[in-house]
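The structure that follows is given in the form of structure tokens.
In order of appearance the chains are A, B and C, and numbering begins at 1 in each one.
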Amino acid sequence: MHTHALSMESKTLPPQAQRAASHRMRHALPWLLLAPALLLVCGVLLVPLGVGVSYAFQSMSMDNLFGEAGFAGLDNFRTLADDPKLGGVLRNTLGWTVYSLVFQCGLGFGLALLLRHSGTGGRRLQALLFLPWAIPSVLIGLVWKMLFSPYTSPLPHWLAYLGVLPQAADILADPDLAMLGPVVANVWFGIPFFTITLLAALQAIPEDLYEASALDGATAVQSFVRITLPLVMPTLLITVLLRSVWIVNFGDLVWIMTQGGPVGATQILPTYLFSTAFTDLNEGYASALAVAQLVLLLVYAATVLRLRRRIMAGRTEEST
Amino acid sequence: MTTVWMRRAAFTGRWLGLSLYLGFALFPLYWLLKIALTPTRLLYSEGVRLWPSATTLAHFAQVWTTTQFPRYFWNSAQVALGAATLATLAGALAGYALSRWEFRGKASVSFVLLVTQMFAVMLMIVPLNRMLSGVGLNDSLLGLAVVYAALNVPFATFLMQSFVDAIPKDLEEAAMIDGCTRFQAMVKVVFPLTLPGLAATAGFAFTAAWSELFLALVLINREADKTIPPALLSFITKFSVDWGQMAAASVLLLIPVCFFFAFVQRYLVAGLTSGAVKG
Amino acid sequence: MRKIALYGPLLLAGLLGGGLAHAGKLKVVEVITSPERTKLLQTQLAAFQQANPSTTVELITIPWDGAFEKVLVMFKSGQIPDVIEMPERWSALYVKGKQLEPLDPWLKSSKELATLQKSVQEAARFGADKTYQIPYGFYMKALFYNKKLLAQAGVRPPSTQDEFVKAVEAVSTKVPGKYGYCLRGGRGGGFEWLGHSTTYGGTGAFFDKDGNSLYSSAAFQKGMQMVVDFYQKGYAPKESISWGYNEIVTGFYSGTCAMLEQDADALIGIAEKMNSKDFGVVPVPTGPNGKGYPNTGFAGWAMTSASANKDEGWKLIQFLSAAKQNLEWAKVVGVLPIHQGAEADPAFAGEHWAGWFQTLKQSDKYRQLTPPVNLPEWGAMYDKTMVETGQEMLLGKRSVPEVAKQWADTLTAAQRKFTAAH
């Protein structure tokens, strides 16, 4: 935790008498500002979250679907450790998240860079370029499912013609290729997210920095690496963190396009959770899975946030 | 030194790149349009063709007159706008607080906000439903909007925190020396500079609420309060998928959304930053 | 004076409340939804309200995709309707959870429902002794075939399993780019492992008399192997491993695959998109003992045990299930109606309905077979296990005997549990 903010404040403090009063104000103000957000989140979600987590310690199955659930201690977590399918599900989830993220982020960043220098023409195109983000996920899944089927779209035929696919077949039916389907749909959906966020961050970089470095003789690539990347990094990291947490929980596309199949090749955590809770009717185990997922994601988030803080601290040290 | 040739190459390269992105983004939407215009009898026999041999406006007519899509659209718009406004406002204030202060409990706040994003919502649905019934907000658009707002606030908070972080503190300090309170400094100095960030946050909260399926399906029973994603599911009956109507409904949806984006992106590109930041 | 001011409103509220309790409000939920069904249902409900002015009916329409999950959450959160459309596969769960009200007390004295076919009454009892729903019709499998493709392959519509296998092979090998069988490997694909197995099994049951699952028998496994062979030999498209209902029906009417085993409700969809001269319907193929076992399911109207208006609820169920309304419903929905003699209606006289009515008429040759839906475990077995392990078999990752043993063990255990509790 860096303390330079407080030190900045003390430079402008008024005389002793008022110091105490504004000190109290200062400590109250952040909480006041946080109040609406905390009120919403705690008021609406905290209790259901607690109940949902409590399922992990109960034995819930179709036998007591509507009645009292028995206390099960850590049984559900023991099942977790022994679940043969879990390894595959975690692997799929990792692949799903990493591939979706890398391509969304990379392509989104690329688009943001392109748009930044494209003036009014680019601005007019933005409404069209960002459309995928506005499509409900149900529709995205259905359209892409259609686009991958050789009976209802020319795409597999084109891919076969270009040699990308050995034949014009539906990749969603091939256990080795099926995951690519939802990934492509997810990338299509997610590019606008990164473009918009990074564009906003890019806007905040003053032009003079680039002018100055151009005068110093830096190439475009050098400007990018030395100016753009570092200044965009804090936003980028947060965006990546939030988006990856979101993707890990995003089961709609996979559910609609492949249902987790064939043979569990596209079974990711959210779809696995869903079928455990609503088909196997084992909410206890589903909750244990969710708790485990929660822990993993918290560790991941803590790591990313610490990295980000280090970068930001480094940057402020440079500027002072 | 950039020569004319290099600049021209960059220009062409840029527009080539943009066209590729545009093609990728628009092809599925074009496909939806094509299906919306294809008569049902030709849907499968001409599935692969880029344009049907005969077109029809029957699907659009049916969606407009026989389904309640205009109503569902209005419901979705209300819920999404409400949720986005609430989440963005709360998130902006909270994000500012997290950015500008160090205080005890800051880590706990971040923790609580993060945790609610990371636990599978589907397991919270039954207690959530019960809770909403308890306050009379079940089966209502307002209840749904509140839930969406709560789900999007953490994201809005962290995103806004990040945008506020990028604004140097000198600006508020300068304003406060000039006599503003901190709150005034926040509203008059910082937020205008984060307008692109605010717009982005609002946009994301909006589309998250707009697109959400499971909660909308489960929390709303009344036909009159249905939102779009569950309504789209109704085109998938047990017996067939009515692609023509579903595509027509989707195309109809896209038109206002396009306008909405055109409106929002004006703020995304607000180039207000250039002089003030240097200080 | 103050007492009147205080107690007066309470008394009034009590009187009004009591009055309102008699003027019942019924919440009805439909789950197998389509625009035509909803329209007809609303018409019938309006007619009911006219005949029963003290009752108001509110219809909640739920899209089929996601209906199971939504209804489950509704019940668990205490939002329980009065009357609900119940597919048979869900019933076991709700019956076990004591959420459905036994209808026998009312059914016994019902005049309108005295003419129900015996098979309907049996089905509604789930192998136990109480009636938990009034089915509104049966979904029975028959064989759809593409006349052109079969003619091109030089085969006649099959009537036995052997002829069926030969026909599938013929179309797949002799007609380039076409397949003999529309295989459902994806969602709902449990169905592939039922029909053919029970036909080869030849006993018309899923369990032997000791309650052991017949999946451990060679005959059942022969049926399973047949499906696996179809896929591996390329008699069904490669994509069919993830085909659900919509895809197999589409595969059929787009002329990609020649034969399809489905219920009469598929007829409605297919007749819209295919020229009626191009397809026909025959009863399901018969097995080695000369008998066929068309798999049959049903859906119907049930009343919840939590309902506060049970008498009105029964009146509604009785109304919807009465001969006139049921016939209307069956025609629109595509099920076989439930009252005796209803098939005589000219709407069912079309050439394509013949497949089902032949099945019904020759009741010694074709015996309707309902899967063990009375077992609460059946839902997960059919929807999840059979689909996943089925795909494993199709891809050759696991052998038929191995998977069959897994199913047999699970089902036998479930059956033991059920018989012990009843």
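Heads up, the rule we're going with is that a residue touches a chain if its C-beta (ideal position, glycine included) is under 8 Å from a C-beta of that chain, and two chains touch if they have at least 3 such contacts.
Every value quoted in this text rests on a predicted model; they were computed, and no experiment measured them.
Of all chain pairs, the one linked by the most C-beta contacts is A-B. When every chain is reduced to the mean of its CA atoms, the largest separation from subunit A belongs to C.
Between the Cα centres of subunit A and subunit B there is a gap of 14 Å.
If you average the CA atoms of subunit B and of subunit C, the two centres end up 40 Å from each other. Residues of subunit A in contact with at least two other chains: 150-151, 278. Shared interface positions of subunit C, i.e. residues touching 2 or more other chains, are given as 69, 76, 250, 254.
Each of the following residues of subunit B touches two or more other chains: 44, 47, 125-126, 233, 241. Contact residues on subunit C toward subunit B in their complex (touch as defined above): 32-35, 60-61, 63-66, 69-70, 73-74, 76-79, 245-246, 249-250, 253-254, 265-266, 268-269, 272-273. On subunit C, the positions that touch subunit A within their shared complex are 68-69, 72, 75-76, 93, 96-99, 185-187, 238-242, 250, 254, 256, 376-377, 379-380, 383-384, 387-388, 391-392, 395, 397.
Within the complex formed with subunit A, the subunit B residues making contact are 14-15, 17-18, 21-22, 24-26, 28-29, 31-32, 35, 44, 47-50, 86-87, 89-91, 93-94, 96-98, 100-103, 109-128, 131, 146-147, 149-151, 153-159, 161-163, 165-169, 173, 176-177, 182-183, 193, 196-197, 199-200, 203-204, 207, 210-211, 213, 228-229, 232-233, 241, 243, 246, 250, 254, 257-262, 265, 268-271, 273-274, 277-278. Those residues of subunit A whose C-beta lies close enough to touch subunit B in the complex are 1-3, 5-6, 8, 12, 26-27, 29-31, 33-34, 36-38, 40-49, 51-53, 55, 107, 110-111, 114-115, 117-118, 122-123, 125-140, 142-144, 146-147, 150-154, 157, 188, 191-193, 196-197, 199-201, 203-204, 206-208, 231, 234-235, 238-239, 241-242, 245-246, 249, 252, 270, 273-274, 277-278, 283, 286-287, 290-291, 293-294, 297-298, 301, 305, 312, 319.
Per the touch definition, subunit A reaches subunit C in the complex via residues 62-63, 65-67, 149-151, 169-170, 172-175, 258-259, 261-264, 275, 278-281.
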